[in-house]
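Each of the next two complexes has chain A plus one other chain: chain B in the first, chain C in the second.
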Partner chain A sequence: MSLKVAIIGFGSVGKGVIKVLSERKDDKFQVVAITDSKGAVLDDKGLDLADVLKKKNNGDLKRVNKSSMDVVKECDYDILVEVTPTDAKTGQPGLSYIIEALKRGKHVVTSNKGPVALKYKELKELAKKNNVQFLFEATVGGSMPVFNLMRGPLAGNEINSIEGIFNGTCNYILTRMASEGLPYDMVLSEAKELGIAEADPTYDVEGIDTALKMVILANSVFGMDVGLDDVDRVGISSVCLEALKLAGEADMVIKLIGEVHPNGEERVLKVSPRLVPKTHPLAVQGTLNAALIRTKLAGDIFVIGKGAGSVETASAILSDMLYIASLQ
Partner chain B sequence: MRITMDLELKDIPGQLVKALEPISDAGGNIVSVVHHHEQRTNRGTIPLQVVFEMDDGLGALKEKLESRGIKVVRFNEMRLLERKTVVLVGHIIHSDIRDTIEHIDSTGYAEVVDLSMSMPGISLKSSARIGISATGKAEMKKALKLLRDIAMEKDLLVIEPIGEEA
Partner chain C sequence: MSLKVAIIGFGSVGKGVIKVLSERKDDKFQVVAITDSKGAVLDDKGLDLADVLKKKNNGDLKRVNKSSMDVVKECDYDILVEVTPTDAKTGQPGLSYIIEALKRGKHVVTSNKGPVALKYKELKELAKKNNVQFLFEATVGGSMPVFNLMRGPLAGNEINSIEGIFNGTCNYILTRMASEGLPYDMVLSEAKELGIAEADPTYDVEGIDTALKMVILANSVFGMDVGLDDVDRVGISSVCLEALKLAGEADMVIKLIGEVHPNGEERVLKVSPRLVPKTHPLAVQGTLNAALIRTKLAGDIFVIGKGAGSVETASAILSDMLYIASLQ
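What follows is the complex of A and B.
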């Protein structure tokens, strides 16, 4: 029997999920609702995803007048895929959707960092109480497996710490500056033109995005109880070209590194530009993300992959959905 | 203070104890002992490197070791074992780089051993790459903490190396 899926959010990530699901040959999932700010498309028997996607791209998608919250509250589905944009301060509107769905005893899969960073504990408890899953692989490192890796292949390992590059925009900027000898402002403009950086890049370059991910890791992997303000955070906007050159002369690169070490009084919860030897596995180029997971039994494990992108993020969401399907 | 001593032992039984006993007898706290069995000297002796903490009485210790037939090749009060590179960004000259370096050097356990600077223009921020050596990992940690505090006071960005512990 297929699991019924409601997708909230029809932006880049939502489109990726719909594209990926439309190309699947099995009938594990049946998408019964897709919503965005303009309304909803519904079909109890399962939507024709390729058709919906085509119409969305052409701008002639016909929606019914139902809000996302209406769908979350009323619609008959098994899994809520919540892929609305992140609000780091309030977590809304995603947070309300997630709470409502969990209360109804529905599984939730999200790519939205805000709710997970702000309310991890409450949401996890709510999911447990209602005997459903609350999964968020896509929130950290995009396509890069982090939570699933620790739950599956690394299960049985105590995780000592996690550190790495979790923001592709910053990594792109630092890589371009170092390899082309271009100043920060110029590379930032270039990144905006390419769509790698947002028009307002504050969220990325000041390390807020990376810090949110560290909060998610801290709370969910290490059982800490921290928020965005607990992260010791420095972004990359003051990293100048000269600093990169000096690092390069010593065979090093500068990377924006997020790290979480839960170890007692020496607890580290930090985002900062750091020196990384050019030969170190974390010295990845371009928009790539990389994580170093230090474990008790397996030693150091490195994961490298695409940290963003529509289909790449959908891959992480799909892995959570398939995990839920495997439990049925 | 931390002392590193290079000794040479005869290749007969009981020499290691003979060399270490006087150090602990003199109140020395032994941190590390490396017995270079494979690096026998052409005199047929075996090099031994001992690192220990001791406050005074080094001269007397040296005499005692030699009276026992143990050759003291050399001893340093401080041996800089740890090395790290750090990059600073900000108004490094105006905030007195010399003072920053002197702060590190005056700790007694760490010193600035290398300095490269880049100054793009008078009013622009400059960058400096600093090599720091320290007597051990704990001392390096303290030196980096000190540098961080100085940088905060002087409004400099410190770009530290990533951790390397397993």
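What follows is the complex of A and C.
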């Protein structure tokens, strides 16, 4: 039997999810609702996703007058796919949607970093109490598997620490500065033109995005109880060409590295530009993300992939959905 | 309830498995039999693994006079962990043990490349017919997850191709030759002294080990039906210092790359030394392994880890065992 899916949010990630689901040849999932700020499209028997996507792109999608919260509270679905934008301070509106769905005993899959970073413990407990899954692979590293890697292939391993490059925008800027010898401001402008950086790039370049991801990892993997303010955070705007040049002469590169190491006095929870040898597996280029997961048995495991992108993020969401399907 | 485990083979990998299981704090698994060429140690109620390991290392382990095949055929267990050495030509003796266990309706987890490379299709069908699992994560890439990565975190992704470095011995030799400017023979001698290369290194340096792994990937991931002779194979013994020097001047390195690409005219099944840019994620150093999995949705995913080692290989075996436990 198909699992009924409600998708809250119809931006880049929502579109990716709908595209990916529309191309699946099995009937594991049936999308019964899609909402955005303008209303909802609903069909109990399953929406024609290709048609919805076409109309959305043409700007002639007909919605009914129901809010996202109406759908979360009233609609008949098994999995809520919550893909609204991240608000790092309040987690809203995603946080309220997630709470409502979990209370109703629905599984939740989200790409929204706000709710997970702010309320991981409460949400996980609420999910447990209601005997449903609360999954968020897409919040860290885009298509690069992190949580699912630790749950499945690295199961049985004690995880000692996690560090890596978790923001493609910063990695692009630092890579271009180093390879072309161009100053920060010039590369940032270029990144904005290419759509790699936002018009207001603060969230990325000041390391806030990476810090949120470290909070999610700290709380969910290591059972810590920390927030954004607990992260020792420095962004990349102060990285100068001279520093990159000196690094290059020593066969090093400068990368914005996030790190979580949970243990006692060695405890580390930080985001900062750091020197990485050019030959080190974390020294990936362009917009790539890279994570080093230090484990007790398997040793150091690196995983590298695209940290962003509509379909790539949808791939992470799909892996969570398939995990839920495998439990049925 | 615990799953009963019989371990066939008490070499480096078997020891690793026993060490890892002895340190687990739950009772998911209970080892009821361990065999080697000298006999078997048995206990229906579960062996004291720390004690067995100590006695094995001290050389005073008392065995009963039962062969591995006796244990496979007669003993009461749920999972057979088959960790005897690889024979690339016959797959024996592991192949017979695996067939017997599957016929008896027992799950099988193996690190033995021979049986999987030679008889994947038959063994998988036999497992399916008997409604049990046949898993072999440890055959490719040691602790680096490959099969479990594709089954779990990359589930839902079409895999387009797989390539990478799958032999730590070759990677060590090529890395040392390039970084120190030393000739092949000298580095090979050094690798033998360090225990990184076997006394007879043919299996590794001629690319046979990598080719076996490509056969396993080809048959199990892409549904091909190929054998060792179908692999277009060149080893590293002919890589000269001059070639490494020229590569270095072009910011490249030479790596022994295995590749499987299943599609029609582009079909590739080969192992050969190839140029890789120094900044490419596959350009890992020392004994590391690295795989590039090209997927439809998630894009290019790289995974890097230790390709060998007693506990590292045991970690891969444990992940298969935990997957079986998760299905109970």
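Convention: the second predicted complex is superposed on the first by the 328 of 328 C-alpha atoms of A that agree within 3 Å, B and C clash if a C-alpha of one lies under 4 Å from a C-alpha of the other, contacts with A are read in each partner's own complex, and residues count from 1 in each chain.
Note that in this section contacts are C-beta pairs under 8 Å (C-beta built on N, C-alpha and C of every residue); 3 or more make two chains touch, one makes a residue touch a chain.
Note that the structure is predicted; figures quoted are calculated from it, not measured.
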item: Chain B versus chain C as contact partner of A:20, first or second or both or neither; value: second
item: Partner, of chain C and chain B, that touches more residues belonging to chain A; value: C
item: Which of chain B and chain C A:94 touches, first, second, both or neither; value: neither
item: Touched partner set for A:250, first chain B, second chain C, both or neither; value: first
item: Touched partner set for A:143, first chain B, second chain C, both or neither; value: second
item: Chain B versus chain C as contact partner of A:299, first or second or both or neither; value: both
item: Touched partner set for A:151, first chain B, second chain C, both or neither; value: second
item: First, second, both or neither for A:279, with chain B first and chain C second; value: second
item: Chain A residues contacted in one complex by chain B, in the other by chain C; value: 299-300
item: Residue ranges of chain B touching chain A (in the complex, touch as defined); value: 85-87, 89-90, 116, 118-120, 125-129, 157, 159-163, 166
item: Contact set on chain A toward chain B in their complex; value: 163, 234, 238-243, 245-247, 249-250, 252, 254-255, 257, 259, 272-277, 280, 282, 294, 299-300
item: Chain C - residues contacting chain A, complex; value: 20, 24, 137, 143-145, 148-149, 151-157, 278-279, 281, 283-285, 288, 290, 295, 297-306, 309, 311-312, 314-316, 318-319, 321-323
